[in-house]
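Letters A, B, C and D name the chains as they come in the text, with residue numbers starting at 1 for each one.
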Amino acid sequence: MQLSSSKYFRETFVKPEDVVAQKIVVTKDSTRGVHFRRAGPREKVYFKPDEVRACVVTCGGLCPGINTVVREIVCGLNYMYGVNDILGIEGGYRGFYSKNTLTLTPKVVNNIHKHGGTYLRTSRGGHDTNKIVDNIQDRGINQVYIIGGDGTQRGAALIYQEIAKRGLQVAVAGIPKTIDNDIAVIDKSFGFDTAVEEAQRAINAAHVEVESVDNGVGIVKLMGRYSGFIATIATLASRDVDCCLIPESPFYLEGTGGLFEFIEQRLKENGHIVIVLAEGAGQDFIARDMHAAEEKDASGNRLLLDVGPWLSQKIKDHFTKVQKMAVNMKYIDPTYMIRAIPSNASDNVYCTLLAQSAVHGAMAGYTGFTVGPVNSRHAYIPIARVTETQNTVELTGRMWARLLASTNQPSFLTDSEALKEKAADINNVDISAQI
Amino acid sequence: MQLSSSKYFRETFVKPEDVVAQKIVVTKDSTRGVHFRRAGPREKVYFKPDEVRACVVTCGGLCPGINTVVREIVCGLNYMYGVNDILGIEGGYRGFYSKNTLTLTPKVVNNIHKHGGTYLRTSRGGHDTNKIVDNIQDRGINQVYIIGGDGTQRGAALIYQEIAKRGLQVAVAGIPKTIDNDIAVIDKSFGFDTAVEEAQRAINAAHVEVESVDNGVGIVKLMGRYSGFIATIATLASRDVDCCLIPESPFYLEGTGGLFEFIEQRLKENGHIVIVLAEGAGQDFIARDMHAAEEKDASGNRLLLDVGPWLSQKIKDHFTKVQKMAVNMKYIDPTYMIRAIPSNASDNVYCTLLAQSAVHGAMAGYTGFTVGPVNSRHAYIPIARVTETQNTVELTGRMWARLLASTNQPSFLTDSEALKEKAADINNVDISAQI
Amino acid sequence: MQLSSSKYFRETFVKPEDVVAQKIVVTKDSTRGVHFRRAGPREKVYFKPDEVRACVVTCGGLCPGINTVVREIVCGLNYMYGVNDILGIEGGYRGFYSKNTLTLTPKVVNNIHKHGGTYLRTSRGGHDTNKIVDNIQDRGINQVYIIGGDGTQRGAALIYQEIAKRGLQVAVAGIPKTIDNDIAVIDKSFGFDTAVEEAQRAINAAHVEVESVDNGVGIVKLMGRYSGFIATIATLASRDVDCCLIPESPFYLEGTGGLFEFIEQRLKENGHIVIVLAEGAGQDFIARDMHAAEEKDASGNRLLLDVGPWLSQKIKDHFTKVQKMAVNMKYIDPTYMIRAIPSNASDNVYCTLLAQSAVHGAMAGYTGFTVGPVNSRHAYIPIARVTETQNTVELTGRMWARLLASTNQPSFLTDSEALKEKAADINNVDISAQI
Amino acid sequence: MQLSSSKYFRETFVKPEDVVAQKIVVTKDSTRGVHFRRAGPREKVYFKPDEVRACVVTCGGLCPGINTVVREIVCGLNYMYGVNDILGIEGGYRGFYSKNTLTLTPKVVNNIHKHGGTYLRTSRGGHDTNKIVDNIQDRGINQVYIIGGDGTQRGAALIYQEIAKRGLQVAVAGIPKTIDNDIAVIDKSFGFDTAVEEAQRAINAAHVEVESVDNGVGIVKLMGRYSGFIATIATLASRDVDCCLIPESPFYLEGTGGLFEFIEQRLKENGHIVIVLAEGAGQDFIARDMHAAEEKDASGNRLLLDVGPWLSQKIKDHFTKVQKMAVNMKYIDPTYMIRAIPSNASDNVYCTLLAQSAVHGAMAGYTGFTVGPVNSRHAYIPIARVTETQNTVELTGRMWARLLASTNQPSFLTDSEALKEKAADINNVDISAQI
């Protein structure tokens, strides 16, 4: 069969045996380690174009680039393989139970990448594996593209297993989405670069505000439920931040080496301080402080206590009451303003690669996989691999060391704690691989 | 004496008797009305350049364009009149009591207009008329430029009176600053245009968020303590807003014609709604609801209850409990991100005109005045005139009618109320004059 | 008849006898002057909503805001008056001869204001009055909205006359479009504010480039065929420009007081110079220098000689050959990058007002008019009035004086020339009215 | 000695024997290949902080991020190693002969990364090895940081050799700067990401312009003298481009499979076409067409013939004369507007890493090296390695295949040519490594 993709990719077909190593820095005594199949066009294609009925669904919160991924799955299937039958499932997993679907063509999706949000709309939760697979069967769908985060990918794994159990010839491809960059194995998640860029606006605003007053304390809360990547990289990019607090690094407020002491010191030196705060920072601390019980959202994510207002109030109280000194608090939460923008050029290219990898994989007959770069080479990864652990900022890694060198903030750690930390974080990935 | 300004302005000298009328639409039976001196260069200059010692001070909250005004006062004095002795008072009125001042030259201020905030730093309150005038006398200052809002201008009026009482030859010029556009008499305040532009980002983000989910309710809180100009014009500019709530227009939540009913209706029609909310909207209502007592800040401004989180919670509760329907609430407060940006091109030009008018006025020997366009002609206005009332959105005016036509939101008013309102608002200025 | 507009505008109906004065600054011996009908909703409406068949056409070059005007004509007709039958004529006047038209509804145009360009597409020329009116008659159109520049409005006047001659009950409304702001009578044209804002990017880039090198000469060419408004206001907004050359102010290169001397002086003082250049500047001079004959485009506009590359080459040659000094020339032509962007918030509001004025006028039964603010009040103006002269920068006005004070550039004029100029420019409008 | 860097980097010291492999995809029969020392802090430091006198110089054209690199060299030396004596050499290599230098401190450079251009100013050429090394000796400088492109790095290698010949204890570190991304060995050059992002504005403008007219032909010229990376990635990011022409891929205009045929086809299908053009595309072709001789600039770079206006004219002529069809040509050259902007967040982080690597290397006593990521790990590379070849887009690589799949443009190549090309380009690096 003469595929349209062969026209372009003839020279660059990936051989079935090509693999990508998960670990690139190899030491004397390290074992061979895990390898994944390299992503890309195959010479041998499993599906005939006119037999393909594909569907695309988006789940969970917004993230810049979703629309580019949707667009490029549709254009990739159509331009590279001649597929004409593509359905859009609307409003997340729930959309599988709905009577209606959207018809997706290159023309329909032509400009959606210039807009934020998701053209297919989204929701949290609503996953019923059997009903979804029934629906896939009823509609005669044989390629399922699922764009979503952790919980969504776990759902995709269940769909894949149920499909396997029923013996259906249906390819299930996951495209991992998390603005937090906390997906394991892959180098970075799409939208992350755009989020870091847009976060600069909020940091700049906080900096301008606190520079203009006496004892200005600027706090910017950024995304990052379990990982502080956005906060860390946004801090490094800005060079205006005095302190970055992330979920991976517990902090304390009072006493020697605590946050209050550091704030006081910077106010004395510079008259102002800018703190960047990941939303997941200090959760245990706040929970103890507020005697709060844990709750979960529809996707099964733990409902976080809002660290931003909590910390702002703690700082205000401390300086007013204990230090007898009024601080000018400027708290900014730019979350929705970051999530809702279109992806930047860098993410647009990245989303294109992810989508094309997914299309090549499904067309080649792979299933139960997600896509993403591993050590900067795009690979197919079993879904379970990316959901079993989470990517977090390694406190003993080079990126965090660079951040500490840049902010000169307290480490909030004693030496023994640092070493313990190091031993525990075996699943951590050094973000320097993505820069 | 041959002034440098005469080089450029020879053709355009303003005659002392030139005036600007406050009311432009004249009806049969209207009296002649109030007129102000037209701003601009005079043939006759009061101060000799080498005898001038000027100072500039900025007070109150941030607003885009402060730095441009400061820059243009300095450059105007220097380039147009050859003045070389200009001091920057740091950190608001309090800076008058400080030992140090900044030396301001065209070189020092050359690039400050490209940055947000205020190069001179600012604070609230701290006004002690006698100490300030003592300080002016001690330093030998004979021109005082005061950039600030309502409270600041009242302080400027006191300084002017005390100076007059002491018989000092000191010119006091106020440049009215309020991002809210609520200063009476003048057409609009600087930074307003930039604020409306930047507010679009937040409104767009809210719109994208709610369009991507079921029952999405987006709320964007914008500046506007006593007046809803930013909210009104930002709503008109966006065309994505379903409802705009401002201090001038009381609203109610429950029952027929209430906000909940309107939200429910839009959710049914479109699946989402975007509400723009001025910070001062509904204050009496909230106060009653929260049984809160009134507090004031250091500038004497009433401390507002935070309408944003309050309304978000009210809506969530209503739809969860009463309507048994989960709404997806997306609340955005972009206040600091708007206040802290540099002024746009339009405000840069406007700030230049304000600063040059102030300089021409002070050099011509006027004092106790503020500057600003009245019916699009720049004029000198006695300070007391701009502080005795406030500019608010006229609910029976054409701009609000255009907004209602655009959003089709409930008026929250019965006919008799509307008429009463009209009679009471004799000080209101129709914003259509500024467009 | 109960109109939907009356719901909002009841309080603000314009009385048929309300007028706006063309001249606002009145002197002792001035006559009463020209007055125009005030724009706005009338109590008495001429057309019944279900009898209206409207059409919209866009002609000439791009300008930010065209799509907002189109959107608001459609939404205004539908929301305010209940009109449902609106056609989009595609590709300029030529589209009248085409078999196809677009159907315009609020839903179709809902998001077009977020995109640059024109949704209706455009072209130059192609005007055949009789064929167009035949077509209007054949299609049963009774409201014609024509968005376009000078040539287009002259075409609109011809259409209006032919319609009058044939005794048809068809309202013809022109919405003047010129990014150059050179339309007479009205305060400013839509898109102008956006253009000035976007021009700052190019000026900033030129400034950064020349500041980084020795003898840097940055030249930015901006729009302005016959008027230098964009160049003038962009220069005032930037504060980084050393010299602004516009069509209204002839300049010369060599000798005392010439441009070369001024460039040399600034290079000696600062090491760099930034020149902003309106495209129509120096045309006669270049024509003589190049011995070029005059040509015209399809709209009848004189084809300008490209002053940008010409001046760049002249400067390079002079300094290399005559001064034996290499200059670092940085020439930027951002024209298309400015024209093609969406309108900013300020222009969005302005376009809305223009469109609604046009709709109110046509629905009230007026015809042969254009709309626009005159002394900041929206008015209906006979089409012929706005095409018989052009708005240009008044060299003896206050805005140009401010520019000269800001750049300190040579005036390129002797005193006697200045006076002569003043006498000749009776049609000029002082731009200070629009700020 | 207790270095301040050890505080942060203790956990992450790089061992002297750590290396980075140049080739990451290893095949059965490949040799071990080239390895470079891994960049990063060393436990053993060569220089004592108070004995260091460092200098920084910037050469060649502008590129986003230069100021961030300068800032981070200064802050890195000061914060991480306690170095206090740092000089800024002004205006490129020529600055070494000047009497004056700038004193660089963290405070002086604190905000320069928010501005485009180079704080140290720059020039082309002016390199006299002996005079420069004399000057380094005279001033007692022992660390030289040189930021610049190809020619500049060749100059740095000569300085390093002369210093070695004289037996001076001076570290020479090069930071490769080329907006074109054409530097060999390293993954990508700083400023590239920002350039691709900013290029989207011009492409969008061209697309909007040509979509609004009949037979619209938009041409955007982007940087890329010898390599088409910016054009390629900007095309992939945009999804609005029909054709991308780069120096690596010769093209022809007339006949079957030529550019004119492709343009005609797209105009027929879509009514418009957008072409992105690297400045170095088609140089041989143009030279033959124009009978032009080769010239060079002060840096020794070949002066390119301006392909943009040339191609625009060729297309206009062809369609007017041969096809009797008027095209609407929209040509945009955004070069200076791209070069002069500040670096985006992603490049800011990247520039920080480059600067810190350089500082760690020089402090550890390495010399004659440049820094940059090789397979996403930062490494020290002998200067000669990066200047002996150039990085170009591999026509048989996956990124170009993706581009062809995206644009569906003609390859302008026969099969035999493609293979020949492949064999010749042994130095090419597949850009997919950087995404």
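The definition used in the following text is that a contact is a pair of C-beta atoms (placed from the backbone, for glycine too) under 8 Å apart; a residue touches a chain by one contact, two chains touch by 3 or more.
Chain identities (UniProt): A, B, C, D = ATP-dependent 6-phosphofructokinase.
Being a predicted model, the structure only gives us computed values, none of them experimental.
K.L.:
Let me have the rounded angstrom distance from the C-alpha centre of chain A over to the C-alpha centre of chain B, please.
P.N.:
41
K.L.:
Go ahead and note the Å separation of the Cα centroids belonging to chain B and chain D.
P.N.:
About 46 Å separates the centre of chain B from that of chain D.
K.L.:
Specify the contact topology among the chains shown, as one of line, ring, star, complete or other.
P.N.:
ring
K.L.:
Which chains touch which?
P.N.:
Every touching chain pair, ordered by label, is A-B, A-D, B-C, C-D.
K.L.:
Considering only the defined contacts, which chain B positions touch chain A in the complex?
P.N.:
It comes out as residues 62, 91, 115-118, 121-123, 201-202, 204-206, 208-209, 211-214, 330-334, 336-337, 339-341.
K.L.:
In the complex formed with chain C, which residues of chain B make contact?
P.N.:
Spelled out, the residues of chain B in touch with chain C are 5, 7-9, 11-12, 24-25, 40, 68, 71, 75-76, 79-80, 113, 193, 196-197, 199-200, 233-234, 236-239, 344-346, 348-350, 352-353, 356, 373, 375-378, 396-398, 401-402, 404-406, 408, 418, 422, 432-435.
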